[in-house]
Structure formats: structure tokens, C-alpha cells
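The block underneath contains the structure these notes are about, expressed in C-alpha cells.
Labels run A, B, C and D following the written order; every chain starts at residue 1.
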Amino acid sequence: MEIFSKLESEVRSYSRGWPVVFDRAQGSMLYDENGKGYLDFFAGAGALNYGHNNPALKQALIDYIARDGVTHALDMFTVAKRDFLETLQEKILGPRELDYKVVFPGPGGANAVEAALKLARKVTGKESVINFTNAFHGMTLGALSVTGNSMKRGGAGVPLVHATPMPYDKYFDGAYPDFLYFERLLEDSGSGLNEPAAVIVEALQGEGGINAARLEWLKGLSDLCERHNILLILDDVQMGCGRTGPFFSFEDAGIKPDIVCLSKSIGGYGLPLALTLIKPELDVWEPGEHNGTFRGINPAFVTATEALRVYWSDDKLEQSTRAKGERIGSVFDEIVQAHPEANLVAKGRGLARGIEFASGELAGSVCAEAFDRGLLMETSGPDGEVMKLLPALTINDAELEQGLEIIGESVRAVLTK
Amino acid sequence: MEIFSKLESEVRSYSRGWPVVFDRAQGSMLYDENGKGYLDFFAGAGALNYGHNNPALKQALIDYIARDGVTHALDMFTVAKRDFLETLQEKILGPRELDYKVVFPGPGGANAVEAALKLARKVTGKESVINFTNAFHGMTLGALSVTGNSMKRGGAGVPLVHATPMPYDKYFDGAYPDFLYFERLLEDSGSGLNEPAAVIVEALQGEGGINAARLEWLKGLSDLCERHNILLILDDVQMGCGRTGPFFSFEDAGIKPDIVCLSKSIGGYGLPLALTLIKPELDVWEPGEHNGTFRGINPAFVTATEALRVYWSDDKLEQSTRAKGERIGSVFDEIVQAHPEANLVAKGRGLARGIEFASGELAGSVCAEAFDRGLLMETSGPDGEVMKLLPALTINDAELEQGLEIIGESVRAVLTK
Amino acid sequence: MEIFSKLESEVRSYSRGWPVVFDRAQGSMLYDENGKGYLDFFAGAGALNYGHNNPALKQALIDYIARDGVTHALDMFTVAKRDFLETLQEKILGPRELDYKVVFPGPGGANAVEAALKLARKVTGKESVINFTNAFHGMTLGALSVTGNSMKRGGAGVPLVHATPMPYDKYFDGAYPDFLYFERLLEDSGSGLNEPAAVIVEALQGEGGINAARLEWLKGLSDLCERHNILLILDDVQMGCGRTGPFFSFEDAGIKPDIVCLSKSIGGYGLPLALTLIKPELDVWEPGEHNGTFRGINPAFVTATEALRVYWSDDKLEQSTRAKGERIGSVFDEIVQAHPEANLVAKGRGLARGIEFASGELAGSVCAEAFDRGLLMETSGPDGEVMKLLPALTINDAELEQGLEIIGESVRAVLTK
Amino acid sequence: MEIFSKLESEVRSYSRGWPVVFDRAQGSMLYDENGKGYLDFFAGAGALNYGHNNPALKQALIDYIARDGVTHALDMFTVAKRDFLETLQEKILGPRELDYKVVFPGPGGANAVEAALKLARKVTGKESVINFTNAFHGMTLGALSVTGNSMKRGGAGVPLVHATPMPYDKYFDGAYPDFLYFERLLEDSGSGLNEPAAVIVEALQGEGGINAARLEWLKGLSDLCERHNILLILDDVQMGCGRTGPFFSFEDAGIKPDIVCLSKSIGGYGLPLALTLIKPELDVWEPGEHNGTFRGINPAFVTATEALRVYWSDDKLEQSTRAKGERIGSVFDEIVQAHPEANLVAKGRGLARGIEFASGELAGSVCAEAFDRGLLMETSGPDGEVMKLLPALTINDAELEQGLEIIGESVRAVLTK
């Protein structure tokens, strides 16, 4: 592994907790170069909702490559893109009565967010954006300015401006009414709040510590935006594509955001793809006003299309995600109750789950113990104090139970040291 | 094609000039869904230096996918990444005595630029960056702030600050000494120029109009940066990977930039990959201070590695690129001389070539005529007044001659209308 | 008055409500060019705490001018400045055990604020500042960025950044604990709040609507700043010099801010003068790093010195201000109770007093009625909904009672229309 | 003088070179507390064009104060303000056919500049402003952002943005055509220059080093602004009121700027007063959108009016200023020629004059020698390398000759050391 320390920048992070060299992967399993298998409860930080190298998608991908389907085509029309758009309309947007146009903003989630912010500002003529405490939206300058983590913000090297953080749901544990401060600032012409172009929000904050906003909070936020003529940007990069159950994480709240950001699992196979969905009346771009080299990699369209066909033609995946999520929830409740002195908190919805520990050190130790037992898990939250689970939605019951057992053991090992 | 106009945002651009649906591709040829072939002199805006679906890379890619090699692994260690790093060191960095560490900044060129700007600011504690007239560095907020095009800048929706443009080489046609203004501003403590953290520059501006900086200008810029303790960021996203002949576009100038941005063709096959190369003393990141989901897609590592092995083990590609470039140059000189009244200007170096017309309308008409004759070409420059050629470096002589013939005809057709 | 509408910009404001041409003034009386007298309950928006053309100061001023004392001397040493500094130390700083150094930041309150912000940022190396809802700190770009009023902010023409508003005392009528949100944001490293260099606050917001912060809130704020290593800037431009009773508006709260801004009445006679008082350890300026032409007009030093001697050698003025303030308070309570249907709210402390009406229209009408009855009063608050009293501290009882009577009549006239 | 070092901030500057305590002043003479006289060739950095305590103005001032004329009146209508406006129209604007409306932006020059920038941005909807190398416009955040001096800029504590410096006249000693770079950037839509709302310029840079722009350069700049629809802001704070001969420094260039900033000597007597003159079509302010406590101190109106009447009813002052300026110029030429090895450069126009030395150290030594001989002079320029003369316009010939003699001696003393 010498070449990594010699040649790769110190900015590398995940490899520090998992110091092995991975080679192959299948479903929920990653294998290192010596053939040792690891159960993956991280799933590409939410980019692998359908598991590693999902066989159905894999075949479509190999077929496409083998027949010399166009790989790279900027934003030209291609058969693969057409298939994807038609399938997206048929399987996702149509059935949910979501009237969106699709921007291909670039290869990753940060591009989806940058395009969303640009467009919201262009449409409204305002610069300011409201974000939320512990939000994570990406590492490019625009996306970083609406991200909460102070270490990551500090890396910007310029003051991050044009964003004002508001308290996310349950930030004060119900101690004061939702949006009390936010709405008061909006209504008070002397508040000093720059009038916002948009609000950007995650329905469940993954990096921020598996904070699941209540559905009524999301509905309240959507209503507030409508009342005050503020565009609502829903960043579904990590929580979309079924992570919390329904395809979009906001569906159960009964809202229709003005702009939706998708990436990570939308490509299906882990290949870079991102979408910014916008209400038709917001489609005021000039041709080429936002562009980029990797807007719509065709192999990713192929696997994305196949994933929508296989998993979103019915509600089986959604139901199984909800069920598995509840199973994790009940195990986590047991773990919490088994360690009353540790003040653990079980968090999450669907298959985005976590346990909050008293410190980042504890949560990190649990993940290290799990790694020793062959399970990959990461921490999140401002101080890394939340043990985070983002397993593949396609995980089977045996794997799930095995992972939960390892988690139970690891928590015990750490808390009873 | 109805689904495109119904569902895809008006921001789409290339599809407007080439209103067909592409399906397959091989080498320098793209085929539409009816099987009609187009000779591609655009090559993914420089992302396909080795041609579409290059057979050598294709087999490695299919093999990797077939054997369930890890696809998505964030910045974990993988066998595919190790192979890539070792090959990069062996074939590229080592032989050129370039002592760089590698940052995987995210999937695209804008990520490479954002990481470069962040790091330069962090290292120096200064915010300001010098860019050049007609620069293009990407569409995310940080990259856009150092990009010249006013339409694209206007899309930002916030004032783009922290960047000051300086005249690129030949901006005044030799009418005043290189760097006269820039260096004077640096030396004058009353100049009002914010002290710059870095200069960001392309050795040849592609989007800016195929403006090739003289090698002595690049050397002069590098010297100036050293004298004034300014970091030099060389954006080789479009012009690297052999586009102008040598692997890096700056090699012939005999300089070693502090930071180099690579993307587009580094992945070899058109899959998203980007690198930010940094001098070891600049490697001051905290782990995870810059991160992202798609930092290092393993299938792209596989094709990237294979491309380095196949094309950069010797200097054949470099020599053939130089030779083909000169061939284009001499044909372009003939075209220029054949239309003395049109004041055409032949531009470029290596296989980044262009002809400047009196207006964007004329250049656009030439591209339209070429499309009708089965050739794909785009315009660039602030007003789209430059007909731009970025053919695959692997183009064969017959294709090259055919394309040049079409260009000659198309220019004639437009200028003699 | 034609010359005014012809030659003076539309930005003029006070002259719109009081469309007469004033000529002479004495104590609490202003006289128009026809000799008609107006009782002045506005007192130069707090710049005339000692009344118009106070005889004691007037004589000193005329003497100084008559003997050709230096008028303008930039920041050179002068006898008048020395007298002022010695008197400030002897009468104000020394007795209060306030260890401050004096910056002469320019002629007005905005200069005092600009210097305070600059210094706080220089000392801490941070850009961000916390301000409060409905704050008013001035109209230059730095001061405006921490000011709340949206109309005034809109005039900036550039986005106002580097400031985040927090709720001022009683913003939620006690519905949630003081500083709950602010302190939570500071403690949460994922909150997205840029780490603040300083907090800037008024102990009583005049322009913001005569909002008097509770003393325990001010103490709490000071403690919070100390806990979090944030500099506390107390803007006493309008509320200092005895307006609320003690010389500094923050004295009763038992706090010692890091930086204090003074202007308006510090000159005594209405001549421009401003001070920024800074703790000695903050005095890190380079000579001339902040400068200006009108830093310390000597005639203003003369009247300022005289005012300190005459009014601050004992506590008579302070006691009478408190007493007069209470008299106004009790009259206002009666007014409030006399109009229960109008939901009036009596506000203020010392001789900064107000009555809040249901709308700006109502408050404006009361002021117009008062003007018709020979009393000058203005409105404040985000919608101008607060009738504001800032009478000279030297007002005599007869004048005070006469003014209060007019106010009572005016309120009745408006509310019983 | 102990109280100064104990109580006054280290930011004090002029007092460092002239460590005496001044008491009285008359005309061109300043007297310290021991009665020692100093010939003042600095004149309040241009605030005392009519000399210290000018007798004509003094009498009007004392009369006004004695009769209890209103002192402080915010922006209310007063007799003193009406007199001033009428006189300004009659003596200055009318005869020069300048159709301006008057904004009273606050007490000092920086306020005049802040108001100008605000208005230019509001009118155009653009943020960016073009300033010039070595410009000085003031120390508040908006004014500082267009100021050149790096030490003063560094004091801001936030990045100064929204301004791009262009080369002032003769910056390259005629080596390249005027405005070559500026106009090229404006015409090139890919230049990366943010479209400017305004250009701000001094006709002669005082603080920047007594750089007198050629009249044809000013005319060219004005034409360029008109061609490109950019507002021209002429900062005449230091060079207006006759400093270079005519009332406005730009008159001889035959231009009519869109906005003119006046302060310093406009008050006549050294009392703070500032004006922003704007073309009527720019008068788009809302009432109160820009305001402030010290907009129009009435004693300053009185002295300002008297100064206009006494000195601007005919062209005597203008002619004598030109003549005295030429006298200084010819003496300076002799000095330059007497020290050929020193490479001195005589600079300036009217009574803004300077000699540039090889270093700031030399220029400072000359000023120190002059002080020892009883003459007050300061340095300017980015490194303080210019000995600067701004004598009162009312200086008599004997004083002028005496001062020039001291200068000659002082230069000799330093250069022949």
C-alpha cells in the first residue's frame, strides 16, 4: 500500500478507517485483494442503493459497452438518454404527478446543487439562500456555502457568504414552534435577513447525523416557502432513489419542491450521474448557460434506466425498504435500552439509520470494532458522534441480521470496555 | 425526439446544432439511430483523445466489469486505483521528473479546479486569484469565478469575486511587453490589486478560441509567479493527455506548475475522472477536508491505466499528434490564403486547431455546412467566431484528410455564398 | 422653498414631515424663519442631548473661534484635543473604571462603527459579525451590512454579507430562552454559522423601534461573548452620553464591552465628532491604517469637553434623566390604558421613549398631529409604527409637560377619528 | 503629551512626524502651545484651501453662532442650507452649466463616495466598479474597496471585492495607448471583467503621489464611459474647490461627470461637510434610503456659503492659484535640475504639487528637515516617496517664497548628506 501514502494526497479519508485494498464486490459484499469479504453497510455513502455490481444492471451495461453504444456524448441526443428520460417519466414522474423538466448538471451531486442554486438566483434575482444546521450539500464553492460542517467550510479559503443557516427540525427538541425564528425574520422588514431566493433542505440529513425531519415539518417548510414566495430546493442526492422508502424522500410529506437534486444512486451502478429536476416555469436558462463535459454518461443512463425498470415498476422495493428499516429500528431500540447509562439515541427512517453516541470517539470505536468483525460502517454528525447505516436496499435478510448482530457486539464491546 | 423537448431543460446546447439521436460510436465515428455515420472532429470536447470506445480500453473495461471488480468505492484503496497510481508514476510523472501528489477531487474538471483553488487559498491564506481573458475553467461557483465568458458568468446569480483578469498572451498582438501590467500591479503597493494566492492558466485556451500561448510566455508567467511567490495552477483539463503533443501541454515550455488540473481524457474512455496534481509541500489538507462521492470511479481507473500503458509507454502518440497537427496547420494556411478577403486566422497547436472568422455567424455556418456533409465540429471564442477542431489523437490519415476536405468545402460554401 | 425641491436630492426625508424652514434654535425650541417656535422632542435624533445651542457650550465655542484656536488639524496633537482626552479620562472613563484607548475614527457614528468592525476583524482574523434584528448602525457599506432595515439595505447595491442577524431581546416575547439559537449555533460545529469576530449591539434600539434590552439580557450577551471568545461591540452612538440615564447605556448592566462606539451627542453642540473606545489589548493598528480628514474637529473638542465638565462632574443629569423618563413612562401608561382597543405599547428607558401603534400609518398621523400643534417627533421601527421621543436631557419640566399634553391630544385625535 | 500616548490609539499618524501640541492658527500659520509658528504647506490635507480661520468666514461663523442660528438639523430645511444651495447654484453650478442635484451624504468625503457608489449601483443594477491604480477614496468599507493602498486595504479585515483597478494616466509612461486594456476588456465578452456600474477617478491623485492626469486622458475616459454606458464618478474631495485652479479639477478637461464628490474645503473653514452632486436623471433614491446624523451642519453651511461668495464670484482665486502653481513648478524644476543624480521628478498642477524621490525614506527625511525649519509638509505615494505640497490657496507670496526656500534647503540637506 506504499504507493497510496507516497502518491495520494493526505486528504484521503475512508481508507484510513479501512486500511485494506478492495478488489471485487457483489451485492452487499466487498472483497479485499486477499479474498476476505466485508459486509458493506455503507454502500458508497448512498450511491449503491441497488448493491454492488447488481447483476441485472451489469448485464445491460456489458451489452451496451460490447455493442459500442456511445459512451461520452456531452449533452447530445442519444438513444440511451432517450430511454432514460422516457423511463424516468413513465416510472417515476408520471405516476407521482410530478411535472418537472430535467437538467443534466454534471456528473455529481454537487453539480446538481450548483445548478439548482444558480437557477434559483437567476429566476428570482436574489442572491441569498437559506440552509439548515448540519446540512451537507457538497464541496464545490456554491454547494459548500450552504453546507454546515465547519471543517469543510474552513477549506474554502474564501468567506462563504450568501447563506444563512436556520434550525433544522428538532434542533431544539420541540422546545419552540417550528419556523418561529425563520418566519419572524421574513415578516420583519427590519430583521436584517437578506430576502432569500431559495431554501435548500434535505428531508433526512445523512452527513449531518441521520436527522430525519418530521413529515409535518417538511410540509410546514413547503407551505412557508409558498407563502413567502421562496423557491424550495430539495436535495435528494443521498436520500432519494428509495433510501427512505419511497423513490423521493419527500413523498410522504405530500410536498412538491420547486427543484429537486438527484445523484448518487440515480445511476444505479455507481457510475456518476446527476439530475436537477425543475418546475417547467423555472426553465429560463439560455442554451449552454450551464454546461459541462460529463453531463450524462451513456453507460450510466443504461444502468439508471434498467434500475428504474427493475425496481420502480411496482412498490416492492419501497415496501421492503420500509420493513427492513423498521427491523433495524427495533434492533436499535433494543440496543439503546440495553445501555441506559450511555444515553444512546436511535435515529433515522427507512434504510438511513443511526445511533447517536455521547462522543465521536465512541461512535468511531464502534465502527472500528465492526470493521474488525467484517462490517463496513461510517460515522456522521458534526463531531462524528453518530454511527451511520446506509445498507444496500437490496440487502437480504441474512446479511441484514448478520450485520445487526455485529453492530450489537461492537456496541457492547465499546461500551463495556 | 419529442421527449427531449418535453422533458429536457432548455439549457441543452450541443443537440441544437446536431439534431439527430446518436446510438453507437467507434474511433472517430459516431452513428445515429438510423445508422448514418458522422466523422467526429469534436471528440467529447477533448474527453475522447483516444477515440470512441477504443478497443484496447474496451476489453479491459468489460473484463473488469465482468469479473465484478469494485465499481464505486469513494476514496477507499482499491486494486484498480493502485494500478492507476503506479502507472501514472511510471509512465507520466517519473519520466518527466514531476514530483506531484495526487488529489482525486471529484468526477469532473470543475472539481479539479475547485480543489486547486481551495488548496491554493488554504496554503497562502489569500483569497484573490489571477485568471486570464477568455479563460474557461468550469461551471461550479469557484471555477466559474475564474472563467471569462460573460454569458456563463451571468448565470452565477451572485457577483463573481476574488478573481482579476489579466491579458492572455497575444491579447494586444505584441503591442506591449508581456506581463507589463500584471507585474507592475504586483510591484506597486498602491495598485489596488488584492495580493493573489495563485494564477490559473491554460497553456492553450480551447473554449476561449483556440488561443495558444507562446512557450516563452508560459515560461515568463512561471518565472513571474516564482518571483512574486504566487502559486501557478495549470488547468490541463482540456489540453492535457496529449492534446497538443506532449502528455502535459506545458512540457515544451520547460515549466513545473505548482498545481495541475486533469480530467476529460485522463479516464481514457470518456468515463468521468479528474485529478489535481499538487507539489508535495502543498499537501496540507486535513483528511476529508475536501471530499465527494465520485472521487475515483474504478472502471475509469481501469481504462485510464490502460490508456497510459498503451499510449504513453513511448513517444509515438506524441509524435503523430505533432505531425497531424502540422498537417492540419498547413491545410488551414491554404484555406486562409484561399480567402484573403475574409481575414481568416489559423490558430492552435498539436491537435487543438481552429480558424477564426470575422463573426460567430460565419463560423457557425461553416460548422452547419460541415454537419450536412457528415462532420461534427463546434465553435469557440467569446462570440463563437472560431471553428474549432479537437479530433481524436488516434484518428487515421484517411479520416483526417476526409475531414479536412469537408472543412475546405464548408468554408468555401459559406464564404462564396 | 423651491430651491430645495429643485436642487436637493429626493433622498431628503425629515423635511417632508416638517415642511418649514428653520432658522434659530435654543434649548428645546426650534424656530422657523417666520419666528414660529416648535418644541423639539427629536433633538437631532439624539445628537442634541444638551439641547440646541446650549449657552455654556456656546460661550466656550465662540471664545475658541474668536481666539483663532485651531479648527481643523487632522489627527495632530492640539490643546483642545488634550483637554478633551484629559476630561474624558477624568469625568467618564476613570470613575467608571473603564480602561479604554480612544480612536478618532472620523466625524460620524458610521465611522465609529466602521473602525470597530475593521479592528475586530483584524484582531481576530475572522470576517463574520453577529448583529441583531432591527439594529441600526449606519449607512456606509460596513455599517450598513450590520443594519437591519431592508429598505436601507436595499440601497447598498451590492449583497451585504459577513453579517448574520440574531433575535434581539424580547423578539419572541419571552417565548424561548435568551440566546438559545445563538449559543446552539456557536457550539454546534456543523451549524453552518461562520465563526464570528464580534457581536455588535445597541443596549436600546432607537431606530429599530425604541426596543430596550433588559439588563440581564445584556449581561447574558456579554457573558456569552466571553465564553465563546467573541468581541463585544456596543454601539452607543445614539443611546450614549446619558440618553438612558447613565453616561453609557450599558452601565446598569454591569458589563464592559470590548469596543464602544460614540458619536452624536459626544460633541455636545451638534458638531460632528465620533469616538471608538477600545480595550488596550486591541490597539493593534498600524499608524494611519485607519485615517480620515475629519477625525477630531477642534471646536467639537471644545464643546465636548465643556459638556463633560458641566454635566458629568456629578450625577445630577443622570438622576434627572431617570426621573423625567419615569414621568414620560407613567404618562405613556395612561395613554395606553386610555385606548385599550388600540393595543398601544409603551416602550423605552430613560429619555428614549416610544409608543408602538398598530401601524406605521397611525404613528405617522400622531406625529403629523403633533407637528400641527408645534411639537417635533419622529417615528421609528421597521414599519415606522413607533412614535419616538428623544427630547433634550436638559428639557425643563414645563416643556416636558407641554409636550406630553400635545402627545396625549395627538394620540386622541388620531385614535378617535 | 503623555495623555496622548496613554489614551490615544496607536493608529494616530500625523502627530508622529510633528510632535508638538498645536493651539492657534491663522491663514497659513499654525502655532504650537509655546507660540512657535509653523508655515503650513499641508492645509488639512486639502481641507483648508482658504487658510486657517479665514477672517471673512470666521466673522460669519461667529455671527451665526452668536444669534443662535440652528446648529444641527439633520436634513431639515434651514435658512443656512437654503443660502448655501442658492449660492452654490449661483456661483458654481449655474455659470459652469452643470445640471446637478445635491445629495448631503454625511459629514466627510468617504460619505460622499459611499453615496456615489450606492447610487451608481442602484441606477445600473450592477455591482462592479472600476478604480485606478493608486486611487484614494476613503476608509469606510465601500470607499476602501476602491482605494489602492495595500496597507489601508489590509485593515479592512474582509476581502475587498467588486472593484477592479485599471492603470491611471501615465502608469506606463506613455508606453502604451490610453485605455488599451480597459476598453479591450469591455469589448471582449469573454474577458472575465464584471460589467462595471461606474468608473471612479480623481483628476489628480493626491494621496497616490500627486499624479496629475492629462486633460486629454480625462476626456478620453469620459468618452469611453459614455460609449460603454458606464457612469463616471469624479472624486473631487481633495482636488475640488479650486485646488488645481478652477473650482472643479475636471473643468479644463471639458467633461461633465455623472457624479461628483466634494468635501474637505467645501465647508470653507475646516468644518465637516460633504456633497454628492448627481445628474438629475440619477436621482432615484427613496426618501431616507441614504441618511445620517451629520448631513449638513449649519455652521458649515454658513462658512461654505461665505467662501463661495468671497472667492468664487470672480476668477481671481483661480488665476492666482494657477500663477502660484506655476511659480512652485518652476522652483521645483530648478530643484530637480540641481540634483541630476537624484532622479527627482516634479509633479502636479495648480497648488497640488510634489517632488518624487527615489525612496520614501528620502522624501520623509526632507519633510523632517522642513519641519525642523518650521514648515509642515507630508509625503504621499504608495511608498511615501513623494514630498507633497497642498498650501492654502490664499497663501501670500512672501509665505510661498519662504516655504519654497525651506524646501530647497531641506532637499539639499538630505541629498548632500
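By definition in this document, contacts are C-beta pairs under 8 Å (C-beta built on N, C-alpha and C of every residue); 3 or more make two chains touch, one makes a residue touch a chain.
If you're wondering where the values come from, they're calculated on a predicted model, not measured in any experiment.
Ranking every chain by how far its Cα centroid lies from the centroid of chain B, the top place goes to C.
Among the pairs B-C and C-D, the greater number of C-beta contacts is found at C-D.
Work out the mean CA point of chain A and of chain C, and you get 49 Å between them. As a whole-number value, the distance joining the C-alpha centres of chain B and chain C reads 58 Å. If each chain is reduced to the centroid of its CA atoms, chain C and chain D end up 30 Å from each other. Within chain D, residues 127, 151, 158-159, 162 each touch two or more of the remaining chains.
Contact residues on chain B toward chain A in their complex (touch as defined above): 1, 3-4, 7-16, 18-26, 30, 33, 44-48, 52-53, 58, 61-62, 65-79, 81-82, 85-86, 88-89, 101-104, 106-111, 114, 117-122, 127, 138-143, 145, 151-152, 154-159, 162, 197, 237, 263-264, 269-272, 278, 283-294, 297, 299.
Those residues of chain D that touch chain A in the shared complex are 158-159.
Chain A contributes residues 127-128, 131-135, 146-151, 153, 159-165, 167, 171-172, 175-177, 180-181, 184-185, 188-195, 208-209, 381-383 to its touches with chain C in the complex.
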